[in-house]
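Pasting in a structure now, in structure tokens, and then I'll have a few things to ask.
Chains here go by letter, A, B, C, D, E and F, matching the order in which they are written, and residues are numbered from 1 within each.
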Amino acid sequence: MTAMPWLQHLIVLPVLIPLVVGAVLIPVNETRHQLKFGFNLASTALSLFVAIALLLMADNGHWPLDIGVYLAANWPAPFGIVLVVDRLAALMLLLTATIALAVLIFSMQRWSRIGVHFHSLFQFLLMGLNGAFLTNDLFNLFVFFEVMLAASYGLVLHGYNLRRIRTGMQYIAINLVASFLFLIGVALIYAASGTLNIADLTTRVAQLGAEDSYLLSVGACILALAFLTKGAMWPLGFWLPGTYAAASPPVAAMLVLMTKVGVYAVLRVWQAVFGDEAGVLSGFGLDALMIGGMATLMFGAIGMLASQDGGRMAGYGAIISSGTLLAVIGQSEEGALAAGLYYLVGSTLAMAAFMMLIELTERIRPPGAALLAVTMEAFAIEDKPEDPVGVGIPRSLAFLGLAFAGCALVISGMPPLSGFIAKFSLFHALLDARAGDGVASVAPMTWLLIALIVLTGLAAIISLMRLGVRTFWASGALAAPRLQFSEAAPIAALVVLCVVLSVQAGAVFAYLTRTADGLARSADYSERVLTEPSVRPAAGHGGAQ
Amino acid sequence: MKRWLPSLPLSFALLATWLLLNQSIAPAHLLLGSVLAVAAPLLARPLQPHGHARIRRPLALFRLLWMSAIEIVRSCVNVSSIILFRKAEGVNSQFIRVPLDLRSPHGLALLSCLINSTPGTVWVELLSDGKELLLHVFDLHDEQWWIDTIKTRYEQPIREVFEPDTLQGENP
Amino acid sequence: MSFAASLPWWAALPAATFLVLGGLITLIGAIGLLRLKDFYQRIHGPAITITLGAGCILIASMIYFTTQQSRPVIHELLISAFVLMSAPVVAMLIMRSAVYRDLRAGRASAITGGSNSQVPGNDKQP
Amino acid sequence: MELVIAISVGIVFGAGVWLILRPRTFQLITGLMLMSYAVNLFIFAMGRLWVNQPPITPVAGIDPTQFADPLPQALVLTAIVIGFATTALYLVIMIGARGLTGSDHVDGEEPRE
Amino acid sequence: MLLFSLIFVPFVGSLVAALLPADARNREAWLAGGVTVYGLVVAASLYPEIAAGEILRHDLPWLPAQGLDFVLRVDGLAWVFTMLVLAIGFLVVLYARYYMSPSDPVPRFFSFLLAFMGSMLGVVLSGNLVQLVVFWELTSLTSFLLIAYWHHRADARRGARMAFTVTATGGLCLMAGVLVLGHIVGSYDLDVVLAAGDRIRAHDLYLVALVLIALGALTKSAQFPFHFWLPHAMAAPTPVSSYLHSATMVKAGVFLLVRLWPALSGTPEWSWIIGGAGVCTLLIGAFAAIFQHDLKGLLAYSTISHLGLITVLIGIGTPLAMVAAIFHILNHATFKASLFMAAGIIDHETGTRDMRVLRGLRHKLPITATLAIVAGAAMAGVPLLNGFLSKEMFFSEALLVGSDRNWWMSAAAVAMGIFSVAYSLRFIAIFFGPPATDLPRVPHEPPRWMRFPVELLVLACLVVGVVPAISIGPILDVAVHATLGASTPQYDLAPWHGFNLPLLMSVIALVGGVLFYVVLRNRFDLHARTRTPLIYRFNGAQAYETVMLRLTSGAEWLLRWLGTSRLQPQLLIMIIAMLGVPLLLAGVPTQWTTIPRQGTDPLFALVWVIGCVCAVAGAWMAKYHRLAALSLIGGTGIITAITFLWLSAPDLALTQLMVETVTTVLILLGLRWLPPRIEAKELETPSGVWLHRSRDMAVAVAGGLAMAALTYAVLIHPASDTISDFFLLRALSEGGGSNVVNVLLVDFRSFDTLGEVTVLSIVALTVYALLRRFRPAPESTGVPAQQGHSLDPASHQTPAEQANSGYLMVAGIYLRLLLPFLGVIAVYFFMRGHNLPGGGFVAGLIFAVAILVQYMLAGAVWVENHLRVRPHRWLAFGLVLACTTGLGAWLFEYPFLTTHTAHVTLPLLGDLHLPSAFVFDLGVFAAVVGTTMLILVALAHQSVRAHRLPSEEAPQDSRRPS
Amino acid sequence: MSAATLLSFAIMFALVCTVLAMLLCGMRLVIGPTAQDRILALDTLWMTTMLLVLMLGIRFGNLVFFEAAMLIALIGFVSTVALAKFLMRGEVIE
């Protein structure tokens, strides 16, 4: 390889753009909010474009095996740090950029102004997320996790109040301990295998001796605990509902993405390290993952039923979605994985929209009225029909109602939006994949999983309906909330995306099936990563390295 | 000159530090060291309200330092023997006040260094607007002896080094 | 210890002496820190470590490395300089903080050590 | 050496664990500091122990088996730095919480009994 | 496309309706009517093909991965239902135009109604089962919205929630059933599934599928024991009740059963489950209807009963029963829709639906009364009306199936007949008797077009009842053929079949019903009864509410058990997981290969004795003696640094030492804001605390043991073939530095370092942002006690005075002299980092400490008056410099962060090598300085701020000019 | 007895003394009893550590240790000063 194609640099841009923009914004005075916001917006929009470009490149044969490899600092894998774009990474980048853009626009009017350095922190959060999706190095993953977490600490505490600081303290303490687990896990994996590169691990796992295999699996367990703490698996995710409920809405929406990073990391590491190439370790821990996922699902459903306020409910919704994904990963079934990814995309979009929506709905009625409504529901008090509804719902209320319904449908997996399609496809894959010649081949655990997912959906419906009824219908002072266009538009856009996801399910699934297929071929992945040559000096340029 | 080189000794010390650190007198190091030796005091100047010490009598300083070194070794032996062989209860540790005529901050700093470096005495603080020094003595046998010693052996030479003018004014 | 093998006697002997001396003084200082009666006595223990103990060992190091590297290795002087610059500051600050702590707590006896010595204090105190 | 390091890592880690399970924020932060020492030593130990063989290669063409494993060291360096940063952050949050909640309990409120 | 528009147009109409202004009643009605008429025309245009027995299909690709297309499939059954939905829909729209009050927000109403219509059409036209489930749930959703149309009323909200919960749950069961069915058949396509009846019935999962699908159907059709939601759904506006809760949505359940009849029926299970539910519903519904006082309530229970009847017929499952079922679906839709509308007119005109108040309405509402009486008669099964025909078919089927053995079936049929006559009489009774005087409003005949739909429907009842074969015959025929296919029986649609047993049963029912009603009315005072005799104990609604409340409280209880919101248990769980999960999943190895180890150096062991003692003592003291704990932990830190140094990691040692120092200062800065803890209260510890403590101690010990064991296991085990040799071999030759660790940081793994300094910057920004809003604890807001103490001569000095002439003057000479030295040394450590221990990070910390010392000495105000430290700029500069250095590689067409080395030869100075990694490291340096300064200074400024506050409040305290 | 042996014994002796000194500092650090005692002990620990590092440098014949010793000499006092200032004034930076 002589010269490096310029297009190749796209791979590093999702990390670089936010970093530079975030850094440049640091010394800019807070009074120049418009300028800061403008930079932030431009950067996020650019990230979105880059993500789209990477997605297209990862899907149209631009790279061999459709995997783009970028050797940061020009050192070949496994020695240097390697960024890798495959379909999954590109998808996550796109998802991140989309939600980030929506969140950013949402926060323009209000939330970005209630504290200092929102814009830099936001950009750094993006950097951390994108880096975590791109990197192929375990320790670099740690670094990007820390970037992401550090930024999220800042954002969780953004404009801090009593509630935020209480939950923020918990969130931070837990993540600090989780970071220790991460380090211990990575260290053990290095001690066992002598490498940090995930693709390199794929090739080394099978050759390890019994002792090193043991160390590796212990390391992987501990590492997984760190991921799963972020991914909020029961019983590691108790921090989540409180944190989500307390964080400011745009931040909560970004936090939704962060739980997905935990799940993504588990998926990435497990597919590569304990995939088909892993010899005796192949499929290590998947059962535990599935059981954990199912426990998480159950916990999320229980939490959802028990929640009275929207933020908390959304938090448990995120737990449910994590649980579902973990259980799906635990199934280690390609078709199910595609469905799981579809579920991930849809539920993330909807949860993000929901987080922002919750805040807007809180403007509908004064806090006292909401409390009263709760009490009346609890004691089934029949209030007298009051004066009939006035001249129709004001537009803003109608919008909120519609958006709420949309989010609720996706989150609970009700038809016709993407949540349903995801669940159906998941069930289809779970049943169909094992159908073969009859009943016996569907494992009881699979049935249990299906039943749990269905019941969880039911719990979600019941709770969300209760919340919706209380929010929109309960009698009491009903103020037509003042909505800014910049607040409504991102929510609308995310909900519309969920609709598009349902209508275009065929195309999306085709992509995701290719994604899942690629993930399963870990040997290809590692070959592609490990054989990417570094750029050698071309004639005329001396002095490289 | 003063504008660019606030203190020549300091700059030399910095250059020497640089060369010692790098253990080299290569031209590159000399150059870089010199740049640093000039730049560092300049950059630090805003934070130096007392300016830099001007050593009027270097010879007196060396004499003082030599004497102190001997005193340090002597005191060290004393303190060691007390620690090892005497009962703690039998040690008469006391605070004493020493009237001071020394006013130069740099002189006081040197005095504090010498006193604190000498085992058995610790500088506590200046009292009465700097006219009196509160000392703690490990094993006090004769308070006046201490006061005299400090006045003559330390304060006097230091004043010679840092404020010869005032000294001459007092003792013509 | 591979480098030490080539060391001549004339260097090894003083180096060893200084080392032993430095080690002993350091230990004595620490013993003082541990066994002396109260803080105002204890502070005198480490003083010997800082001055003479450190000095001996630095000299030993200079001798050793100069011979071993066959060139003057005297950068240990820097350490001495820095120690001499920082030790007085540390001693006077710890001492003063202890004094005023005891004064505030009304533990004048701790300061006077039960003897007839003057209590330090604020002369300007009304 | 191995045993000493192992026992030390264990003790420091154990002390850290004990502290992070305590209810006061200051205990928690000290626990985090201790755990961070232990974890750093642990990562460091993953490169095995090398006495007086720092990974400083004076000349090209050295025998790599004669030098300590530099990679864990680089990792620990990064981990130390990040640990420092997060300690600082927790500290500030801890005092912020103390001011806002009036409690130095890790939950930001005294447990209700 | 035409087919597709059948579903598409209502949804578009719904959207348009939602966007019309609130008061556009006429436009809304025209729109909705137009949509309906369009649908009717399209559907009617399909009749020729349908009548010819064709099945029309329209496929749109949807989910190819799951083998699922969006299929519209019209056969006779679907066509008949389509017509039913559209025709009744049209009448309801017309009716609703007059029914809805001008103050009601009509856009919402018509929008939801059209959406419902579209969903319902989707259900009947779905060509695959998954799609059917989608529309099925959509009908639940739209009906939820319609029931809660008057959402300011609690009963509407409650009814809507109940209906939705029950039907949506059923929908989930249906989905599960469909999945099982798809699993059995291998396809969700309706044609394939219908053709695979034998395979399905033979499959082990048949019963599962049947139960799940039955649950879906029975909940939707309000069958026992799920019937309770329907009466509560009557809180909906009457057009909704008449449309959804009589004619269409509740029919979706039975429609589904009819639809899947070829695939699922013909087994005892089918009969028992479907038939059993039907019989119970039939009787309970009919019986309960008699005792209602609300007009709509009566109609709702009657609907339940009639749906039960249909379900029984489907449960019987013989071809003739199916004919009767389909026929009764159509008949019931006509008379019940008209009855609801009539009830709506009465409600509308009189202002009440209470049958205890209503009487003698025939005087004021003669036409409506006539219509309602005819429709009521149809409901009662009076001959020459359509209800009679299908009911008689039911009787005959009941006889046929029941025969001698299951005579109870016939008995139940007759009982149901009796009851239905009774409640029909109860309904009709409101028109007779003396006119009521205490009505809320004086009734008048409704507008002509409001009555028109009723007239039309009643007319249909009459026509079908008199000449069934020519009126409904052909339509019924296509539906029956489509359902039964080859097994379509011969049947005769005629009002008169001669004297036979079914006729006798009809007569018994009629006569018995009248008698029963009279007896009830005269002897049991129907009006005074507040609850249904016998079955009032089974109150589904109450059970529902109880379940919902229990669900919430149970969930709350479980949540307390399964979760926690406190930090300590969570950390405990994490540690236990860290110990337990590896043990569970990986177990314990049985053998271990070892290598010769380094000899133990007793000195090293001794050093660690100190380290461990410090750690343990620090842990012990952290509660009450913070300063002591901090010092002790500092001790452990020093030992850690020595360890790094001893074990060949000088870079780590330097970094550790620097970090140790800065952290100590940092925590001290923070400690000032933590008020001292009161000890006395804590001295007496309850026994529970000891339990906790021993548990925590056990976990801590286990954690320590585990880490020790892991460390030891690794240390005595030979290392794998690591990637480290690469770095050792190339650091100097290709990375240009002999300090491999530093080359790793700034070259091989510079990407990590970039992230690391970003973390630092983020934390600094966060700290800064937090401290901007910092509110200290009340106890610590004031000046520390030490500073105000009269004994201390420094107490009335500003920090600057202390440093320049006060007690810090002498110390200050040294500390200020150190500043340039520290600067030079920072440069030294920075410059040599690439080859020897040091580097940007350590250098940055040294530099930051140099300035920090000045802050400690002279206070923040003075230092900043003399030296502007702009940490934000340092931060930004550092990050941007590091990035720019990395980006520089792009110009040479290399990847980001690739190192280039400029080789310069200068006179006198000789060869100089300037690796770009050096500039990168400079960025690290700047970022570290910025971070450290920002954090420390931000913390330090709190004191300045806090001091300013009280001085503003108390001007007499003028000790600080600030 | 060769010069090398002599030196190694001397180093060993000095090392043992220093480590013992550190141990004693550690003990004072633990037992206190006052805060100033602990600060003093910590400062002494820094100092003895510096000496230990210097001696290790001699023992291993490695100049790299020198840098660490110098850093300790330079920086070690900062935390002591901070602690003392905290005791004296209640805050480190006023």
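Just so it is clear, a residue touches a chain if its C-beta (ideal position, glycine included) is under 8 Å from a C-beta of that chain, and two chains touch if they have at least 3 such contacts.
None of these values were measured; they are calculated from a predicted model.
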Task: Chains in simultaneous contact with subunit D and subunit E - done: A, F
Open item on the list: Taking each chain's centre as the mean of its C-alpha atoms, which one lies nearest the mean of all protein C-alpha atoms here?
Closed with: A
- [ ] Please flag the chain sitting at the greatest distance from subunit B, going by CA centroids.
- [x] E
- [ ] Could you let me know which interface, D-F or A-E, is made of more C-beta pairs in contact?
- [x] A-E
Task: Distance from subunit C to subunit A - Cα centre to Cα centre, in angstrom - done: 58
Open item on the list: Can you work out the whole-Å distance between the CA centroids of subunit B and subunit F?
Closed with: 23
TODO: Could you grab the centroid distance between subunit C and subunit F? Build each centroid from C-alpha atoms only and quote it in angstrom.
DONE: 10
Task: Separation of mean Cα positions, subunit D and subunit A [Å, integer] - done: 29
TODO: Would you give the residues of subunit E that are in contact with at least 2 other chains, written as numbers and ranges?
DONE: 565, 567, 571, 575, 630, 646, 650, 671, 707, 710, 714, 719, 722-724, 727, 748-749, 752, 756, 759, 762-763, 766, 770, 785-786, 793, 807, 810-811, 814-815, 817-818, 821, 825, 836-837, 939
Task: Residues within subunit D bordering two or more other chains - done: 20, 25, 42, 46, 51-52, 54, 56, 71, 78, 82, 85-86, 89, 93-94, 96, 100, 106-107
Open item on the list: Please output the residue numbers of subunit C that touch at least 2 other chains, ranges allowed.
Closed with: 29, 31, 43, 45, 50, 73, 75, 78, 82, 85-89, 92-93, 96, 100, 122-123
Task: Arrangement of touching chains [line / ring / star / complete / other] - done: other
TODO: Just spell out which pairs of chains touch, all of them.
DONE: A-D, A-E, B-C, B-E, C-E, C-F, D-E, D-F, E-F
Task: subunit D contact footprint on subunit A (complex, rising order) - done: 139, 143, 146, 150, 153, 157, 160-162, 165-166, 168-170, 172-173, 176-177, 179-180, 183-184, 186-188, 190-191, 196
Task: Sites on subunit E touched by subunit C in the complex - done: 785-786, 789-793, 807, 810-811, 814-815, 817-818, 821
Task: Residue ranges of subunit E in contact with subunit D within the complex - done: 565-568, 571-572, 575, 597-601, 604-605, 608, 611-612, 615-616, 618-619, 622-623, 626, 629-630, 633, 636-637, 640, 643-644, 646-652, 655-656, 659, 662-663, 666-667, 670-671, 673-675, 677, 696-697, 699-701, 703-712, 714-716, 719, 722-725, 727-729, 731-733, 738-741, 744-745, 748-749, 752-753, 756, 759-760, 762-764, 766-767, 770-771, 774-778, 780, 835-837, 841, 931, 935, 939
Task: Touching residues (chain side subunit B, partner subunit C) in the complex - done: 17, 20-21, 23, 72-73, 76, 79-80, 83-84, 88-89, 91-97, 109, 112-113, 115-120, 122-125, 127-128, 132, 134, 136, 138, 140
Open item on the list: Considering only the defined contacts, which subunit F positions touch subunit C in the complex?
Closed with: 2-4, 6-11, 13-18, 20-25, 27-28, 34-37, 39-41, 43-44, 47-48, 50-51, 54-55, 57-59, 61, 63, 66, 69-70, 73-74, 76-77, 80-81, 84-85, 87-88
